[in-house]
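Structures follow.
Okay, so chain A shows up in both of these, paired with chain B first and chain C after.
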Partner chain A sequence: MTTEIIYSAVGEAIRTEAERVLADGTVAAVVGYTMARRKGSAQPVVLTKPEEANQLIFSAACVNNLAVYLTKAKKELPREGRIGIVVKSCDLKALVGLLGESQLKRDSLYIIGVPCVGVLGSTLQPSVELNAETVADKCRECDDRMPQGADFVPTVALPASPALEKKYAVEIARLEAMTPAERWSYWQEQFSKCIKCYACRQVCPFCFCEQCLCDRNKPQMVEGTPRPAGNLAWHLVRAMHLAGRCAGCAECERVCPMDIPLNLLNRKMSRELKELFHSEAGFEVREKGPLAEYNEQDDQSFIK
Partner chain B sequence: MHHAKPKHEFEPKIIAFVCTWCTYAGADLAGTSRMQYPANVRLVKFPCTGRIDPVFILKAFQQGADGVLVSGCHPGDCHYMAGNFHARRRFAAFRKLLEFIGVDLQRLQFSWVSAAEAGKWVEVVTELTERVRAMGPMREFKDLALEEQWSGSLTTPELQEAYEAI
Partner chain C sequence: MRKQLSSEHLTALLQALIAAGTRVVGPRRVAGILLYEPLITPDELVLDELPRRSVKEAFFPVCEDLLAYEKQGQQLTLQDVDPASFPQTVLVGVRPCDAAAIPVLDAVFSWDYKDQFFLERRARTTIISLACTSADDACFCTAVGLAPDEPRGADLMLTPLEDGGYLAESHSEKGEALLEAHAGLFSEPGAVQPLPLAQPQTLSFDLKKIKAWLDEHFEDESWDGIATRCVGCGSCAFVCPACHCFDIVDEGSEKSGKRRKFWDACGFWKFTHHASGHNPRDFQPKRYRNRIMHKFKYYDDKFGQTLCTGCGRCVRLCPVGIDIAGVLEEIEKKANE
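The block that comes next holds the complex of A and B.
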């Protein structure tokens, strides 16, 4: 039950801080989590008045990455003034990525970091206890439970992280050990489930293009209908466009109605790019991501 | 005097994405120098390797290419200073992605061929063509593209038979 104690302390600290910053005019709005209708579930909320601050909560059901509300979904936010935002460390990495890509200005943000011991893998049963079975796969591999560089982080002592099986690492190793033909059929099976609902694109903080390459039809590079060739192309283009940028919040995988292991591709790419170019999403703002810069000494053993 | 052209069971389609400043000129030099190289390669000219999006390679495979060659200026020789450096990183990443998806990387070749290296162009093209010829047709993407044309899964024997006949 330590999780609940930690998260209720975190929630209390967030409420106090949100009320303070809204009251003294530091921020025009706070993006955070509030209780949703089902018992134990949570939903994003935008608050603009200090007296509303008591609505804010934090729990293991606060799964959303709120960074997306600062780019695509920003219509909900006031135009003027700083925005306060509640972020877990994975969300903060996405936010830092957006800062690096000049999508956001650090001065216009008031970052409320959350010391995190993990969130639920599925919110179908939001009041279920957070344990080794119910924790999200991304949290199993998380080494940064304390957000760094935030404006406010509640002072909470976190327990040592339990050694959990790293599911992505295991799955990547399993796939890498297969023959190309086996991998191809594995991914075909996964991609054939895709219904092209684009929920993964909608929820991704990094998919902020005004017009997606995959929506263009002159020329049409990616078939739009949920058919085999187009599905494969969409998922490859998505993985490629997120390569070196993805912060690993795994929202794509969480929202996928067909349970396609989307974050597996992202994790694989981030591992490869770390190995090749020693660049990884973190708490430091990178001026350029690994695929936006170059080094004259880069490996070119694959080029004749 | 012409060499007798050897007959092959399978003539692979190779799409080459080349930069206009180096490799295209190199291929041109090979032509004007009357060097022989397999006619399997179809050139697509780009201003720079930095302009070549990974999605072009995907599209080429989906449209029936058996092999893809991407070629441009040597590092440091880019007409636009750094296009090929960016391309090098992008393709290093894209290769890893394709490998993870299960594409045989033997069908995808990257090379630096300068405007003076007609011989190297001939060598690269010949080697890739022969390698892909030995590997046989690229089935995976073509099957996907074919499935895309069908209005449903192949559930009846008649449909399956018609499909096999293609």
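The block that comes next holds the complex of A and C.
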């Protein structure tokens, strides 16, 4: 089956289910995707009436992690009643993390899972076909295409995953092979492009602080200007704050208007934590991540 | 003045300018993306793609120092940045949608307060624009009254020709001066055929009608529908050739530091956050409404034009797919109801 046929069946099932749960009062609103003006484009939408459910779609351009709309940093969604949300399995991992951090309650969610064969890496041109060239890098490493533990998942059979080169793994290996000076100059060049638009922060489900430390000016903890010092500080704060929490939806990287490979940092951190603490984010609801918990069995080899 | 310039002579022109110590800025690839950046050699120039950020940073940098301070004992020394030290610059390969935004910025930065940092750079810069021969479905310059060969803002405009090279037309004294100073490189135009211009999609907006609707609908429930999805980043404003809000901050220590001016955006929660803690735009749709109001009403009220040139950057780069052309279409539909 082609991607279009799979996603058209998924879209149909989502519309029917959303209409049902809005009509019978299971949910007060559904957060999903709808078409936008450009050919092939999609955008997030919040629906509250059953007759609006026919606006919902699913396609390879449905790239957003909608979990961000459920966080306390976003105040635009209705706060009363259960919320239905359309998630791919990578997005679901963010919900699992937010449940663990007591940001959401499971019984206030109605999770509509999407059987997923991948989404576009870039939506600069949303009408391009999904193929081995255009698929998002995160999808190349995905081994979890059917969301687990959702309230509803359309019954659509997925073809076997094609074997695609794991670009993050390759890129991390390339950077690890560099000397520290080379690596430093690589990241300096990447961060020099940063214009502090904070798109990476605003789309991140785990950046739910109502006031970001980096926005504070009394005292100013991090230089806010888009200059080398402030850029480096921001990206290090971001990477460290997400370590052990980021489950790899890669939204930060997709939305960066300056193409800074932000998820590469996240994946590297995630790999370190897996090696050091045998911990991977997004699989189970747990209150404390590896960096928030003290365990005598933890690796202490760094203490010399 | 109308001349012809071969591709080789464009390279020679840039080479001559660089050799003479002029700062030449044009689309150049930096760490994977195309930006308007100073060229070290003419072959770095990339002319077949719209740069990721607009040309506004040539006059209004992402971040710039305004002054430096140093305190020794009770003695405080202030060191001003001297705008007269800004280099003579030639911008080359500027897209018409970027060039047309420059007069829009001129109006703001020379209105009540004369911003020397902007104006001194502006005075020292000659703009060579390039007519556009390709567009995608995010481009909508024609819908806001401009065109792929719009000369507004350009001192000299290059139009690509079928047989290679360019037609070069001056649109200001600076443009003429550039033609005259390098007269040997330009020839009289023969019977030349310009390449077909880009065909941005057939959208067309009635900006007057849209403004009339905005005049009456500061409070309207449709803002929620349009902008609940907005996540409040600055991506749209920062890639916009016409957005010009900035913040000023002192950075450093008690002993020494700098006062800096840097880009700000009305999508940020912090943008209207008062010292009292009150925020008059406490809800994202109110912030997005300001973006539309400023571009299609407030700026027009004050300066009689629109604060959008249809470059489509915000459309392509919005993290949540907000399409300003789609929003304008929706508003025009409401205005027609």
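In the analysis below, the second predicted complex is superposed on the first by the 297 of 304 C-alpha atoms of A that agree within 3 Å, B and C clash if a C-alpha of one lies under 4 Å from a C-alpha of the other, contacts with A are read in each partner's own complex, and residues count from 1 in each chain.
FYI, a residue touches a chain if its C-beta (ideal position, glycine included) is under 8 Å from a C-beta of that chain, and two chains touch if they have at least 3 such contacts.
Predicted, not measured: the structure shown is a model, and the values here were computed from it.
Asker: Can A:Gln202 be said to touch chain B (first), chain C (second), both, or neither?
Answerer: Touch status of A:Gln202: second partner only.
Asker: Name the contact category of A:Lys74: first (chain B only), second (chain C only), both, or neither.
Answerer: Once the two structures are laid over each other on A, A:Lys74 reaches chain C alone.
Asker: If you stack the two complexes on chain A, which partner ends up touching A:Glu223: first (chain B), second (chain C), both, or neither?
Answerer: In the superposed model, A:Glu223 contacts both chain B and chain C.
Asker: With the two complexes superposed on chain A, say which partner A:Leu124 touches: chain B (first), chain C (second), both, or neither.
Answerer: The answer is second: A:Leu124 touches chain C but not chain B.
Asker: Taking the superposition as given, does A:Leu291 touch the first partner, chain B, the second, chain C, both, or neither?
Answerer: A:Leu291 contacts chain B only, not chain C.
Asker: Based on the superposed arrangement, let me know which partner A:Ala42 touches: chain B (first), chain C (second), both, or neither?
Answerer: second
Asker: Counting contacts the way the document defines them, which residues of chain A are shared by the two interfaces, the one with chain B and the one with chain C?
Answerer: Touching chain B and chain C on chain A: residues 223, 227, 230.
Asker: Sort out for me which residues of chain C touch chain A in the complex.
Answerer: Residue list for chain C touching chain A: 30-33, 35, 52-53, 62-63, 136-138, 224, 228-229, 231-235, 237-239, 247, 249, 251, 260, 262-263, 265, 268, 270, 283-285, 315-317, 319-323, 325-326, 329.
Asker: Quick check on the complex: what are the chain A residues that touch chain C?
Answerer: For this pair, the touching residues of chain A are 36-39, 41-46, 64, 68-69, 74-77, 123-127, 189-190, 192-193, 195-199, 201-203, 215, 217, 220, 223-227, 230, 251, 254-255, 257-259.
Asker: List the residues on chain B that touch chain A in their complex, please.
Answerer: Contact set of chain B toward chain A: 53-55, 58-59, 62, 75-76, 82, 85-86, 88-104, 109-112, 124, 140-141, 143-145, 147-148.
Asker: Mind pulling up the chain A residues that touch chain B in the complex?
Answerer: 175-176, 178, 180-188, 213, 221-223, 227-230, 232-233, 236-237, 239-240, 243-244, 265, 268-269, 272-273, 276-277, 290-296, 298-300, 302-304
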